[in-house]
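Two complexes are shown next, each including chain A; its partner changes from chain B in the first to chain C in the second.
Moving on to the complex of A and B:
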């Protein structure tokens, strides 16, 4: 009860500090002092502190199962394990927005203390833009989704957390993802203020690159965690479904990746500056757009946030205010830089980075159109369509071929101007990769030509980056490892989709099912009780033709609060392949519906994403980008 | 000049997007339930017809082998016709008959009941029609047969008649 009150009032204090900050920093902006006033720093810290208190208050209410709080009532239950009581704090709409706000205030505070060498006016303006965003979120939280609403009389028991959200990967997925999303808000504010101050320069590039890398790393990891959750928990046997909510996290990732590469150009010469500002604005707009699409309930997706039109309208208006604000600022202040420095030689690192950007923009538009087109069509002609994986695969896969090839060649080129000589090793490697993929694919007949080309381009990047890692030693290690991770990601996804085996059948206890490569034997059923669910465990024995025996124990869980049945897949992971078995009850029959899958190289997908973000991390800690 | 035109076009584009999204938001409020047999009944809170207190659906669907949920309204002419069938059904002790008063004026509804008799063991008010939509109803009258596991096992769109009454009775045996 008390924690609830404290949480609510700290939130209001936090909002008041926003206004105080604006007043103090505007004063500070116009005075003659060189540095930022200490008051600004302390106010920013206090704001963060109060939001933190508020967040802790909510966590406390969750731990104590204070059902007088509506959010706790809706999303928790006394029998939940402590870990999920805590993670339930951000497993719902209200709490997760509070987390957004917490990260927002934390990041602007960190920005202020980490940017001492930057011009004062630039810092203050960044703070002001950031405060606009923060105020928007405060109002959104207090007005439409107050996490501290009261319930009276106090219910004895809560409604429980949706069982599919009770998963360790999902418990840390939102905070990590939000660090990425919110990091992009700093990039947004900072680039807007740099435009107004005409401060888009090499120095700015060096400074903002850190923020870009931080958000990029967290966004990459956050997306991966979400994907891991979908793979292990949803039991659909895939890791990426092109679900709207996955797409909205991919969109800022694409622009952020483009931005990450562009800023490398700006670090070296004054080029692409306007493009960088546009990318920064787009990245944050995409994050906000994602929030809107997911939270308003305008799209159906796996995320089970309550649909509330009032919330939707608030975010929508807020989103477009930000869009128009940034458009206005950009068009008022941006400068056409002198044309000489904008000229880019066709065979240079700059041009390859530009090509990277074109591809990124293409991928972005595919995902954006695929996600929002159903809304447009529904409104304009009230036709209902759903855009599924084939759309994305057909439109993206072919373009991966040139993308991968440019990704291989690009880093080999020099800045400003490059010559074609001494690039024979590149050609030799290309021939080797084509030959290798031809050999591998000879046995798999489907879509032979296309797959061979796609895989050979992925192999090409793979081998060249391996060569770089070993031969060139520590020169540009970060970039090599990130690109290596990416090539591995594409390779494992491709082999995974080509070599996957799936068997769906209905089976009784004691029955055997024979398939081409082996046999499934349903040995017995077992019952088990746990604190918040009871489960039925099936024991399966799988023989494959090579004489290997695997035991798999998929579960059906019946959660008590709220009563929900979930299927827990049993997954055996090895370096080469995952074997996956999930069972479902066939209603009114003694049969169980089972889905058995062999998914090659699953674990390498996660490993390569980790390598990818490791590359980013190394780049972050590197003193200076080497050529 | 070029820039101004460009800016103008961009702003127009974003305004267009805004309206699409705005309209889309309103669209998404239209319920589109799956009309699927053997579906769990929705959980809802509704006002009681006489006591006017709020009741939770969990407390309504208890202690009976079968429930029949009938959606009706005083303004609905076919409801008047099927009322005698409902009175007949009410004699069967093994079922609990629940009425859902759909988008109605409370006084008219009460007159309707006092005029034709009350077949229901409980009547709930659905003044904005959302509960009916949650059940997947097309309109009034509509009748759902719900088993003790709170699953909808049968539904009838439109007024009940003697033939359907026999069918329901055979169902409940």
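Moving on to the complex of A and C:
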């Protein structure tokens, strides 16, 4: 109970500090001091500190199973393991927003102490813009989703956390993803403040690039964790379903990736400054849209917990205020720079980065339209529709071909202007890649031509980046690693989707099922008990024709609170392929519905994403961009 | 006649506008082909013509209608006014059960028979897809 009170009042204190901060920093803005007043720094720290206390208060209530707290009551249960009691704190609407707020206050504090070399007015304005967002979130929490509401009389037992969320990957997925989302708010505030101060410069580019990289790395890893979770927990045997909720996390990633490349141009050549501001605004809007679409319950998906129209309207209004405010500021203040280097030649690094941006924007509009069109149609004509994966695949896959080729050639070009001579190796590698993919694909008949071209371009990028990694001796290592990771990602996804084997059948205990390449034998069932669920474990023996035997033990869990059945897939991972088996129960029947899959190169998908973020990380610790 | 800068700008703008129109056209075109409409059993009964495209049907799984064998599962989706028989061979989500809400994706064979290619997973006992809720009204 005490933790609950402390949490609530700390939250209110945090809000008060917002107003204090605004007053003090406005005063500081107009005085003659060169640096930022120490009061501003300490107030910002105190604000973070109180939100942290509030967050710890909520965690404590969860650990203690204090069911007098409504959030705890709705999302926890005494028999839940400690780890999931803690992760349950942000596994729900209220707690996850408190986490958003915590990261917001942490990031602005870090921004203030890390930006010493920047002009005072720019720093203070960034703080002010950030405080507007922070106040918005405080009000949203206190008004529509207070994590510390009381319940009386105090219930004896909680409702429990949705069992599919009781999972290690999903325990860390929201915090990591939020670090990415919230990082984009810093980019948003600081580019607005840079516009008003006319401070968009090479120095600013160098400084904001760090924040862009940090958000990008976390967003990339956050999306990957969600995807890993979906792969083994949902039992659909895939890692990306073009589900609206996945899409809303991909959208800020696309704009952030575009921004990441643009800021290099700004850093080098002081061009594209207006475009960068627009991208920053878009990225943050996309992050907010993500929160709005997920939290308002408009989207029909895994993440739809409680729906509350009031919340949706609040975020929608808040979002519109932010968009109009930022666009207003942009149009009022932005200036045509006298760009000395206005000349852009067609064959240069700048133009290849522009091409990258064009593709990113195209991918963004595909995902955006695919995700929002059903919502609009529902509002306009109350017709229910859904847009399936083929839509995205058809529109994105063909464009990957030129995208990959530009991605290979782009980094080879010089800034300003370059010549096509001396690029002999580029041509040789292109021929090798085409030949190789033709050889590989000869045996796979489906859509031969298209796949050959697509895989050739992926191989092209793959080989060229490998060559760079070995030959160029750590020159621009970060970029090569990231691009290499991307080529590997595309290759593993393509081979994975082309070579996957899937068998779905209904089977009884003791039965055998023969398929073309082997046999599945359902040996027996075993029962087991855990603290908050009991489970039925199936023992399967799989023979493939080559005489290899694999034992798989998928599990059905019956959770006590809330009473839910989940399937835990059993996955055997090797470097070459994952073997995946999941079983489902059809209630009241003795048949089990099983899905057996062999998914080649699965682990390489995760490894490539890690390489991709590793590239970002290396770039973060590099002093300056090298040519 | 015009300066080099103006020419470059015009070229740039044409390129942007051109590619924008092209991509919007592509997206809308593809949207038309890939949209899956949601129908209720009653709506299907009143159709003038059988829809050849992939659709979704939602409602309740009728009690005592599920039969299962090694290859397929047969059941009936009802919205308490009309019903439709469904045949499905594929993975079934855990929450698929008699008397519960269901959404099946697939192709109509005739007004009374639906060949499902996918049964959508739901994640919570009490959760019901908004489409189904609307179809069922207050029941």
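Here is the rule we use: the second predicted complex is superposed on the first by the 624 of 627 C-alpha atoms of A that agree within 3 Å, B and C clash if a C-alpha of one lies under 4 Å from a C-alpha of the other, contacts with A are read in each partner's own complex, and residues count from 1 in each chain.
What we mean here is this: a contact is a pair of C-beta atoms (placed from the backbone, for glycine too) under 8 Å apart; a residue touches a chain by one contact, two chains touch by 3 or more.
Just so it is clear, the model here is predicted, and its values are computed rather than measured.
S.K.: More residues of chain A are touched by which partner: chain B or chain C?
M.R.: Looking at chain A, the partner in contact with more of its residues is C.
S.K.: Considering only the touch criterion stated at the top, classify A:380 as touching first (chain B), second (chain C), both, or neither.
M.R.: first
S.K.: On the A-aligned overlay, A:394 touches which partner chain: chain B = first, chain C = second, or both, or neither?
M.R.: second
S.K.: First (chain B), second (chain C), both or neither: which does A:19 touch?
M.R.: neither
S.K.: Under the stated touch criterion, which partner chain does A:313 make contact with: chain B (first), chain C (second), both, or neither?
M.R.: After superposing on A, A:313 lies in contact with chain B but is clear of chain C.
S.K.: Go through the superposed model and pick first if A:327 touches only chain B, second if only chain C, both, or neither.
M.R.: First partner only, chain B.
S.K.: Should A:435 be classified as contacting the first partner (chain B), the second (chain C), both, or neither?
M.R.: So A:435 meets neither chain B nor chain C here.
S.K.: Answer with first, second, both or neither: which of chain B and chain C does A:362 touch in the superposed model?
M.R.: Touch status of A:362: second partner only.
S.K.: Touching chain B in one complex and chain C in the other: list those residues of chain A.
M.R.: The answer is residues 587 of chain A.
S.K.: Okay, in this complex, where on chain B does chain A touch?
M.R.: Counting only chain B, the residues touching chain A are 3, 7, 10-11, 14, 18, 20-29, 38.
S.K.: Going by the contact rule at the top, pick out the chain A residues touching chain C in the complex.
M.R.: So the residues of chain A touching chain C come out as 162, 164, 234-237, 300, 302, 304, 342, 358, 362, 365-366, 369-370, 373, 383-388, 390-391, 394-395, 504-507, 511, 513, 556, 562-567, 582, 584-589, 591, 593, 595.
S.K.: Show which residues of chain C lie in contact with chain A when the two form their complex.
M.R.: Checking each residue of chain C against chain A gives 5, 19, 23-24, 26-28, 30-31, 33-38, 54, 56, 66, 68-73, 89-98, 121, 123-125, 127, 129-131, 134.
S.K.: Spell out the residues on chain A that touch chain B in their complex, using ranges where they run on.
M.R.: Residues 292, 296-299, 307, 309, 312-313, 316, 320, 323-324, 327, 331, 375-376, 378-380, 587 of chain A touch chain B in their complex.
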